[in-house]
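Just so it is clear, A, B, C, D and E label the chains in written order, and each chain counts residues from 1 on its own.
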Amino acid sequence: MLKIEGLSVNYGSLRALADVDLDVHDQGVLHGIIGPNGAGKSTLLDAACGRRRPTAGLVRYRGEDITKRSVAWRRRNGMSRSFQRTSIFPDLTVREQLELVAAHLGDDRLDDIIRLMDLGSYLDQQAGRIAYGVQRRVDVALALLGRPNILLMDEPGAGLSAVETLRLFEHLRELVSEQKIVAVVVEHDVEAVFACCGMVTVLDLGRHLATGTPAEIRKDSRVIAAYLGSAA
Amino acid sequence: MIALLIANSLALASLLIMLASGLALIYGLRDVINFGHGALYMLGAYLGYTVAKVTGFWLALLIVPILLALVGIVLEFLVLRPLKSRSHIEVALVTLGLGIILGQIIIFIYGGEARSIDAPAILSGSVTVLGLSYPVYRVFLILMGLGSCVSLAVWLRFTSSGLFVRAVSQDPGVARMMGINSDQLSLLVTSLSAAFAGIAGVLAGPYLSIDPGMDIVMIVDCLIIVVIGGTGSIAGAIIAALLFGFVQVAGSVFLPNVAALVPYVLLMIVLLIAPGGIGRGRVLN
Amino acid sequence: MSLLRIEALFAGYGASTVLHGADLTIEAGESVAVVGRNGAGKSTLLLSLFRETNVTGGAIWVGDTRIERMPGYTAAKLGISIAPQGRRLLPNLTVRENLLLGKATGRAGPWDLRSIFKLFPVLEERAGQMGTMLSGGQQQMLAIGRALMANPNLLLLDEPSEGLSPVLVDGLVDTLIDIRKAGTGVLVVEQHLSLVKRAAERFVILSKGEVVGAGPIELIGAAENQALMAL
Amino acid sequence: QESVKVGVLLIDSGPLAGLKESQTNAVNLAIEHVNAAGGVMGKKLEADFITYPGTPDTAVDGATRAIQKNGAVFITGMDTSAVSPALAAKLPALKALMLEVFAQADGLTGKGCSTNLFRVNVSDSIIMGAVKDFLKTQGVKKWDILAVDYAAGRDAADKFKTLVAGLGGSVGKVLFAPSGTADFGAKISELGNDPAEGLFVTIFGSDAINLAKQQQQFGLFKKYKMVLGNSFVIPQVLPAMGESVLGVYQPLGFVPGFPGAKAEAFVKAWKEKYNGQLPPYTAADQYAAIELMAASLNKAKSTDVNALRSALEGLKATTVLGDVEIRAGDHQTIRPMAINQIVAGSDGKPTYEIKKIEAGSDIIPAVDPACKM
Amino acid sequence: MLGHASSSFRVPAAIVAGAILFGLGGVLPGYLASDFTLKLANEGLLLGLLALSVAFLMSEAGLVALGAASIYGGSGYLFAIAMSEWGMSPGAAIVFAFLAVVAYGAVLGALIVRTNPLAFMMLTLAAGEMIRHVVMLEAVHDYTGGADGLVVSFKGAILGMQAADFANPQHFWPIGWTAVWLIGVTLWSVSRSRLGATLRAVRQNEERMRFSGFNTYVPRVVAYILVNAVAAVSGLLHVLNAGFVSPESLGLGVSTNALVAALMGGTAGSVGPLAGGLIFAFAQDEFGARGATQLLTGAAIVLFIVVFPRGVVGGLVAAVRRVLPGIDRPRGKT
């Protein structure tokens, strides 16, 4: 479904991502990405969704090379993402922005998503004025609209409690397996990742370190040293 | 000929630099597009005329900026602070209205007749540099203009008080959380900006005419420079003013028929290539 | 005399009130966690110290100074520093400049550029870069570093673990324990109890703008407290 | 009705705003004198002052208000060459006459002449006529030209070239500076490199002051035998130019010291009323316009527009400007001009010294055949 | 059930009330007001239209245009030149002028809507001032009349009206009134349409819009073309009414007046800017009669903006809401 080949991204002289390959083909399974801060996880998502032009490498979607496609094109063709830095419409109410996007993308499951993200009691509040954790949920909700085929999520659990993050991951797992879509989730809450992801990729210093099932990754000594620490 | 051309464009640019720096200061650090800046410059020039008559040019160059700084303080307390929650354009238009009122008050006091200040004796001759004879006053203008603005940029860039001023401009709330007295620094910025208009006004006296239309002539040019320079960047404004001065002087020599269009073309080219301007936040904002 | 005493605080944004009579006291060298679900008013509580909110009733004492009507920079001058939620870095300042802002009050102490760079080495590598060019977790380090630079009497951290990798959370916990031992008070708002459990001595549960529960940290996992937190 | 009203338009923004005060003073003084001498048709003459920002739309609004709301029969005052045609086009419908005292463009009494507009001030061609007559005796043959890059400046440059050629001279450099030029350094250097004998300058307003001051720092005018201004050193800018323009020649329609009893009395009255100042030529033109209005009203014995128009056409009168005649063919006033040189006055301040008075009939061109009323 | 019935009753009621207001407003002033008052009112309406175009872009797209005058005056020049130089009939000249300036606006818009708001403001200012200077260039003096402008009188009729009819305030009023209604209602519906919602969302978070699958560029270009069309209509009506064009009508002064009028009246909605235009026109006239146009204008700008943060109309609406709570409650608030 989503295939990344030899992807490199430079920020000036800094090489944030160096020749990374990633093949996410398992539909219906959450694919987790973990790695130390600055490992290049967000950069990988940025390059995959068109927010940043890669310095080298290809992004393939259903076999087609989409490296040069616009963000809006990718979104209309089913590639969607949420942001690490919350990105919502601060002056619109929660309802207004969800409805606007849902209408544009022809999605009739708005109510389900509102329920999933537990936004029912905030619908008529201006999004810029709700608690940070709720804004994060609006951000994720915006990404879930429009029946995406590929869901790229950047720390959806940030700002939520451990319990809530776990619950969100469980919901995501259900959603993904129900709709047979591909989902890539970057997250530091390793409990949630190991509990819900079918596959986990570890990045470090812009390079691909390991890919495997949660159990394999959890045991990997390199991953423990670079990333997990006492959480292992 | 080319050397003379550059020297002449430097003289014009120096005045523009001082005005544009003041404007960039209050825009970049205080987030106010001050359409009344031209009126402050005009006030500086007329006050310079009056003060210079009594005390001579040199003291006027000292006193007038202080007077203008006081005007800046009034502006801060009476206008900018009460209106801080309003949109940019509303505040901009209020400053426009205040500028009109100030201009009218000046005409009421001084009448419509144009005035001028004589340069002090030591600045009135000419010097010979590299075989070219060039008026001393212009050399002085260039040194003053570049000197004051470069020191302004250095202060902002390399001192800790400059750092705090920049912090206040970007997020007054965070600056306060860090223990910075943001009100005090905002006041400093506003009065400094006005003081720069005052210096420019006095320096313009022996070089340009002091008359009721002088504010409007300058303000559009300065806005262009500030925007070319990049939102509120002093260093950008300096470079932009030099570029602007050169393009304008060169335009009037080589393309006299369309010289009036040249500044606008310059603006369009720069902004279409780099919408953030040349400085693009290198120094501030 | 307490480091910080908040008494029956009412505060909010514009006309709406978020805190309805919250109380909280912190002593020197104490480490307190404030927990509660999204929208409970945790961040509002912290921001009220800096007049970032609209305080309509109650009192805030720092030492023997009552500050809720004083200018927003007073708390910092009295030795309180904060790493706010959402980081709030200044986008056009470099990493170094962002850190130096922490020094605005001029308080001396163990934290300076060198010790911050030792704690978060990546910040030294990026010292000349704009703060917002960092990755999310690196920005979080910068925000925490900036708060530490002030050498505070009381350190406020609003969800410091957000975006930090587990190893770094470990490091942060160690740091918090160290600075508490040095006599600095710590007030941490946190969703992830793993950090709270290791770094705080007691907790306060906030719900709908009121303190609904409190206790020593060992009891935070108790069913009744979990229920209060979900309120 | 007790009085006859005159709508006086005044500009209060931009560079012309400075002239508002003397214009008002001139109207007030003239009306005072007219009323003291018995008024018009036994009634008092009264001014209705209206300020506007200098644009054609607002000028038309102001004139409409004066005429329709306040009953004015004449419009006069400050305008620009963009305002006058717009006003002139509206006057027939508004049923009022305008006595122009400001705009100099030839077209107003040429190709674009208009039934309800009469011009009291001089036109560009009249000034050139005066210049030509004066230069015949001066013997300066080779000229440079510096003019504003504007219709008026280009027009003046062309006319001057023809004029110099007609006198057997030649023109060297012809430079144009955009209106609003702050720095004349480049032009000054270019001229100073290789100056001709004479320099003809058509630069106005604050640009003129900038030029005067900057050329002094470079010593440009000293390099010429004769510097001749065209609306360059006018009284409103002379104090600001100061010594920088000593020696420059400048034709003006009126200066204090102008011959004639009325002119003398006018200067005296002005000095008395306005604490010792001297009236600029614009004030004299405005004063004369009011005098001509009064004369036409008394001649027509009616406020009917058609009657007043016939009274004005061909009207001969003695005014502060001397003996003048309004030419029926194009509504241009035939009037004398003074050629002056700037010299240091008794108080050390620069002032005008009249070198020659050119008679009106000598300097006015024939009626433009393009003018069809 | 009940709510449904009452709302379906309310819509036709609003339309009927609007129609009556429109009819009365189109006819009555002709009988009641003096020529002079009507003339000012006509100018106020046209300035109001220009203000409406500026306000629409401001409130929907968050962009401040300082070049509205170049479209306004430019259409007038083209109309005049098309007739005098290219021998077009008045009707053809109007259509030509309209299409030409709108096409110009489209090209300009395509270039500049991508930039940030300040850059946009300065680019429109620069483009406008350039046009003002171009008109005064020596090379085109014969077409444009340079600084002196052009007196525009046409022979023949447009929609059965002669030049003299357009100049007559009595006859012009119904035309201006109708145009204002048509345009006001159109812009109001656009702002409530999907396009309006898209523009407002783009203004708040352009990146999120792209990541929601929206094209964020085309809607802004469309909005810019739309407001330019409004400015062109205003300019054409102005030249028909006033009978002349001059460089001043292209200048920054007119653009700022429109901006000031918009903010005085209130930028949200269609009524505010139109009211602002009328207030501005009448106020300027009164100020002129008092002999201090500039001073009083400056004071009025400051006063109005300081006292009415959402404009006079915004302020009135808020006041009415306060006195009669429950009237026209925003949806969803309980």
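As a working rule, a residue touches a chain if its C-beta (ideal position, glycine included) is under 8 Å from a C-beta of that chain, and two chains touch if they have at least 3 such contacts.
Owing to the predicted nature of the structure, the values given are computational and were not obtained by experimental measurement.
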Hey, what chains does chain B share as contacts with chain D? E
Among the other chains, which touch chain B and chain E together? D
What's the fewest number of moves from chain C to chain E, given that each move must go to a chain touching the current one? 2
Where are there more C-beta contacts: A-C or B-C? A-C
State the chain with the largest centre-to-centre distance from chain C, centres being mean CA positions. D
Measuring between Cα centroids, what's the chain most distant from chain A? D
Quick check: how many Å separate the C-alpha centres of chain A and chain C? 28
For the pair chain A and chain E, the C-alpha centroid-to-centroid distance in angstrom is 46
Cα-centroid distance, chain D relative to chain E, in whole angstrom: 38
By the touch definition above, chain D meets two or more other chains at residues 12-13, 17, 149
Using the touch rule from the top of the page, what residues of chain B touch 2 or more other chains? 100, 104, 257, 260
Please list all residues of chain A that touch 2 or more other chains. none
Identify every two-chain combination in which the chains touch. A-C, A-E, B-C, B-D, B-E, D-E
Could you pull out which chain E residues touch chain A in their complex? 194, 197-198, 200-201, 204-205, 207-208, 210-216, 332-333
Help me check something: in the complex, which residues belonging to chain D touch chain E? 10, 12-13, 17, 49-58, 60-62, 64-65, 68-69, 80-83, 85-86, 89-90, 93, 105, 107, 112, 149-152, 154
In their shared complex, chain D is touched by residues of chain E numbered 34-36, 39-40, 43, 136, 138, 141, 146-149, 151, 153, 167, 242-244, 246-249, 253-254, 284-285, 287-295, 297
Chain C partner contacts - residues on chain A that touch it in the complex: 11, 34-39, 41-43, 84-86, 129-134, 137, 154-155, 158-164, 188-190, 226-231
Contacting residues of chain C [partner chain B, same complex]: 50-52, 71-73, 75-77, 81-82, 84, 88, 90-93, 97, 100-105, 146, 150
